[in-house]
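Going by the order they are written in, the chains are A, B and C; count residues from 1 in each one.
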Amino acid sequence: MLIHPDRLFPADPETRGIARSLYERAAGLPIVSPHGHTQAAWFAENQPFPDPAKLFVQPDHYIYRMLYSQGVSMDDLEIGRPEIKNPRKVWKLFAANYFLFRGTPTRIWLDYSFETLFGLTEPLSEKTADLYFDTIAAKLSAPEFRPRALYERFNLEVLATTDSPLDSLSHHAALRKSGWKGRILPTFRPDPVVDPEFPGFADRLAQLGAETGEDTTKWAGYRNALRKARARFRELGATATDHGHPTAQTADLSASEAAALYDKIRTGKASAAEQELFRAQMLTEMAGMSVEDGLVMQIHPGAVRNHNRKVHEKYGRDTGADIPQATNYVNALRPLLDRYGNETKLTIILFTLDETAYSRELAPLAGHYPCLRLGPPWWFHDSPEGMTRFREQATETAGFYNTVGFNDDTRAFLSIPARHDVARRIDCGFLAKLVVEHRLGEDEAHEVARDLTYNLVKKAYRL
Amino acid sequence: MLIHPDRLFPADPETRGIARSLYERAAGLPIVSPHGHTQAAWFAENQPFPDPAKLFVQPDHYIYRMLYSQGVSMDDLEIGRPEIKNPRKVWKLFAANYFLFRGTPTRIWLDYSFETLFGLTEPLSEKTADLYFDTIAAKLSAPEFRPRALYERFNLEVLATTDSPLDSLSHHAALRKSGWKGRILPTFRPDPVVDPEFPGFADRLAQLGAETGEDTTKWAGYRNALRKARARFRELGATATDHGHPTAQTADLSASEAAALYDKIRTGKASAAEQELFRAQMLTEMAGMSVEDGLVMQIHPGAVRNHNRKVHEKYGRDTGADIPQATNYVNALRPLLDRYGNETKLTIILFTLDETAYSRELAPLAGHYPCLRLGPPWWFHDSPEGMTRFREQATETAGFYNTVGFNDDTRAFLSIPARHDVARRIDCGFLAKLVVEHRLGEDEAHEVARDLTYNLVKKAYRL
Amino acid sequence: MLIHPDRLFPADPETRGIARSLYERAAGLPIVSPHGHTQAAWFAENQPFPDPAKLFVQPDHYIYRMLYSQGVSMDDLEIGRPEIKNPRKVWKLFAANYFLFRGTPTRIWLDYSFETLFGLTEPLSEKTADLYFDTIAAKLSAPEFRPRALYERFNLEVLATTDSPLDSLSHHAALRKSGWKGRILPTFRPDPVVDPEFPGFADRLAQLGAETGEDTTKWAGYRNALRKARARFRELGATATDHGHPTAQTADLSASEAAALYDKIRTGKASAAEQELFRAQMLTEMAGMSVEDGLVMQIHPGAVRNHNRKVHEKYGRDTGADIPQATNYVNALRPLLDRYGNETKLTIILFTLDETAYSRELAPLAGHYPCLRLGPPWWFHDSPEGMTRFREQATETAGFYNTVGFNDDTRAFLSIPARHDVARRIDCGFLAKLVVEHRLGEDEAHEVARDLTYNLVKKAYRL
């Protein structure tokens, strides 16, 4: 057996009993996944998923960053290649090193998928590598392993993707026309046309202009183009935007200052500080448009992207070498909050890679400003210990009701139930501890468990 | 029942048993409250407290910041008004949203007061709002709910207020003459005449000069005026000063530099950096005066005050929109410590809103410098989890004996017993864990529990 | 009894039982001590250790910093003197204040030594001070308390010292010739000839030149001199270098920039910023030499040394007044990592005094870069709670296999078994928790316990 019915519950028997009873009710609730990186094409085309290596290893930076850290070559893992030449070899390399994931959430997510989806109960290792490969490969070709069938099996109620304003959203459009009852929504992620450090930025601005019929050589036209792009996303069901900036810095320039800055940015004459100022200004602009059109705003700051120069040059962006940095919110958000912080129609969901901000800045901010909510533990902190720290450090100041349930944030579709399962178990364990310490009634704990699992995410993301 | 006899004790039965036995002895000790924001007038005049809304909701920024964060209007709560027009309506609004406080210390404090003072045992909600309002209102008019009676009932041994050097302290003087045995002491908080960012700063300096008969247009006169003001506080029993600066920065300028800086500050010509330097210099000046007169110095740094511009403009200072920021101690305190750090006659109690400083800077500093002690978890961290983190992160380097017991730091007089009760329970739980893990003998734990509850605060604050 | 067989194990009975079973096997493994501050002379000369005060109190900054923080005079403790005039008086002063160490690791380490080495079972206090002094003094003169006998009794397999490049290493050479089977290795710590802020820096450079026959007035000669010094250490068994810088800053200057900077540094004309840049450059130079010669690199950044000016002036360096500061790794290490980060032949072990870096920067860095490993909790964090935080905050991202087992880092030879015992117990407790929460199989936990205790340190340090 890979997964135990009592996994992740607190050790103390009384607490465990209460956690189990809370979880029993929460476990059956539908999964609402308002933020992640799955692809609409999977559901639009409904083709079988490829082989085990391509499904589990190649797209999962959690996996290959760990293997790489222990000296496994990215080339041997065939990372960054369109096809995998020798998937069984890649799989065996992964299997032989599976012990490296002891104590990590990756291990928990994978064991859950291996057992619940593929019926595997022997631990993955060099010895069982072939058994795993063959079992998984065989099942993937079955109809019940097609994307839409899995969506239904996973009890998903809604699943949001993350998309560039330049994306045609054709798969989203096709899905809406298809008559399939699954709810797949796009999310407006404007980084590629907002962050001047993206390669080919000028070309993207031109493309944005062409697609929207706006003159993006002008500040006003650029803003109109973004407005139109947002409207296009909303028509296909989007309820949210997402912003992945290196810092949480915001700005509130005058219209003329902003126009002058845009001119410099657009023509590639801006300094690094001006690029940062532009990103800062654009967060405030996006907040303003959210006040207009009701899209919920997500801010994911604090990653130093592509930290490993050689890996970046050889394998491209997003290849497991993003590293968090200390992130200030209290001063950084002030320009935006000075302008829009008291708008009750606005919702901004804040994330962090810097856990020190939970109790020092994020909970105090979200516990005061009506527009602010706290996103769940993100990325490196999307883990049992990370979730526990979040609840322990944020709840006493922000309460439960300034948080927004769970995000799986994954590109690994098969891991979605596992990830939500971890969140539900940790939340139920946390609530059980409050009950046993007489800080919360058991009836209240059941209510809160349901809110954290289902109600808060629907409300916060307007789903 | 709102409060359980075993609340806040660890879940493990053996640990809980030891915690209970430690707490049983600590629970009966008198409350020493060396730092807070109650008002001497209450005890001097001994009038009944007003209605439930004015008593519980209006003055408590913990309460209305949470309500505001969830979209409740400050106007509907009648915040910032001298009187409450419709206290029952305010109370009902609060009651209907009481579930927001699940998992927060506010809930713990209030439930304690509701049950122990007012005999309420049904949870507060929309349904019980009227019952609560009527019950509380009725009791507040009874003689045993007058401030002095409550002081005695709470088993208070001493209670310190926090006062401006410009305050007449007439209520303190009246109390000393009244013959009442309660011990209410003022605390010298010079921020209004030390921090140039206070509105009307120049006028305050003039007033300070007039009240002390010193020429506060000169550096020497200003310092003399502060000395005299301190002496006036000491005469009325003050044993401590308190300093609420945005940072912990200190400075040690030469006399001529300080005089020149004062001149710029006084005439409103100082830059923001010079204002910060002046505050920094004044911490060192205050330390010097403490070496002379023996007043214990408290430093409460790290709050960005009045963060919400619109709320500040509309409702004034201290309306729930202060947000912590990262706070450096190791370099910031060095000028002061270079000068006075080895004075064994000096006591400086350090507080923080930045929990990362506990293990990194504060415990190492307090575990070396004879003048330094660590204040208890403050404000957002005055909570079960916050206290636990403090003990876990500070004890191994600073020990117990470089800490100073508990501060309630409250303006909510009725919450004082609840707050001290939480601190005693968490400390006893922490000690019980050490006993069960065989890191401390049970007999020692009893001794430490008494020290943390009673002895250390009296010693540190010279009470 | 001072120490209990179940000390430091989790309270929950089931978890405790598993921790105990894991520990039973780990406890018998040899001690590998790859980093510390014992002296080769002790083992080369094999003389008896001196009296209790000189053995336990005088060299241990953990002890006298705590005593000093509570007003005990450094003079009364005879700190900083070559001999102790009145060791019994010093001992009694220490004994009378032993209660100050409640809740600290110092207490755990000392009680372990007192009971296991000296058979003492009554707690140390004023009352038992003489008993302790006499018992310890008597035993120290026995042959089985000589350094080599203790090395064997402690089941040490290898013990590394930390040495200046200017050190003759004569004791290390003598040990190798002596035929004694104990394995005492030097570690190359070049700070005195790399950090321009060391007093007498220019003289040291000249001495380095003289000792190596290189012209250290030139950049090329200086680098050659370091290479030769490293070779000399390697010949005597060194497998590692160690670098204690105020920050983790690295740099990667061109050869001509580096040469020009060296010229300024050498002639004492460098600014503070240039001194920092030089230290930064030297970390990258040292990494380059490690790629050449295979020495494992340890970086210990983040201490503000000699923080207390008066104590430093009166008692000298390293007298208990070093205080940690916030430490950035993500940007600071980038120049070095850009150059050497993907070298699989290179091992760099990172330490921190800033625990916020564990989950935010260190685990993500070590969980990606093949050359990086995480050192164990260091100094103020070498404690039960500190170790627990390290495992909780680093494991989920870095796993167990990017960590390197335990370092005792001590100059207190007698405390070595106690310190390793604490680490083994805390690791076993942490693993037991994972087992009980079904995050790790019990068989796996036994394997990991052995790895954390024995295998990982040998591999990481190439022992």
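The definition used in the following text is that a residue touches a chain if its C-beta (ideal position, glycine included) is under 8 Å from a C-beta of that chain, and two chains touch if they have at least 3 such contacts.
Fair warning: this is a prediction, and the values are worked out from it, not measured in the lab.
Think of each touching pair as a link: the shortest run of links from subunit A to subunit C has 1 of them. Think of subunit A turning onto subunit B: fitted on CA atoms, that turn is 120 degrees, to the nearest 5. Of all residue numbers used where subunit B meets subunit C, under half belong to both copies. The two sides are thus made of different residues. If you average the Cα atoms of subunit B and of subunit C, the two centres end up 40 Å apart.
Within subunit C, the positions touching two or more other chains are listed as 10, 12, 326, 356.
Interface residues of subunit C facing subunit B in the complex, by the touch rule stated above, are 3-4, 6-12, 65-66, 68-71, 99-105, 107-108, 123, 304, 307-311, 320-326, 353-356, 380-381, 383-386. Within the complex formed with subunit A, the residues of subunit C that make contact are 10, 12, 14-15, 326, 328, 330-331, 334, 337-338, 341-342, 344, 356, 359-361, 363-370, 372, 392-393, 395-402, 433-434, 436-441, 444, 447-448.
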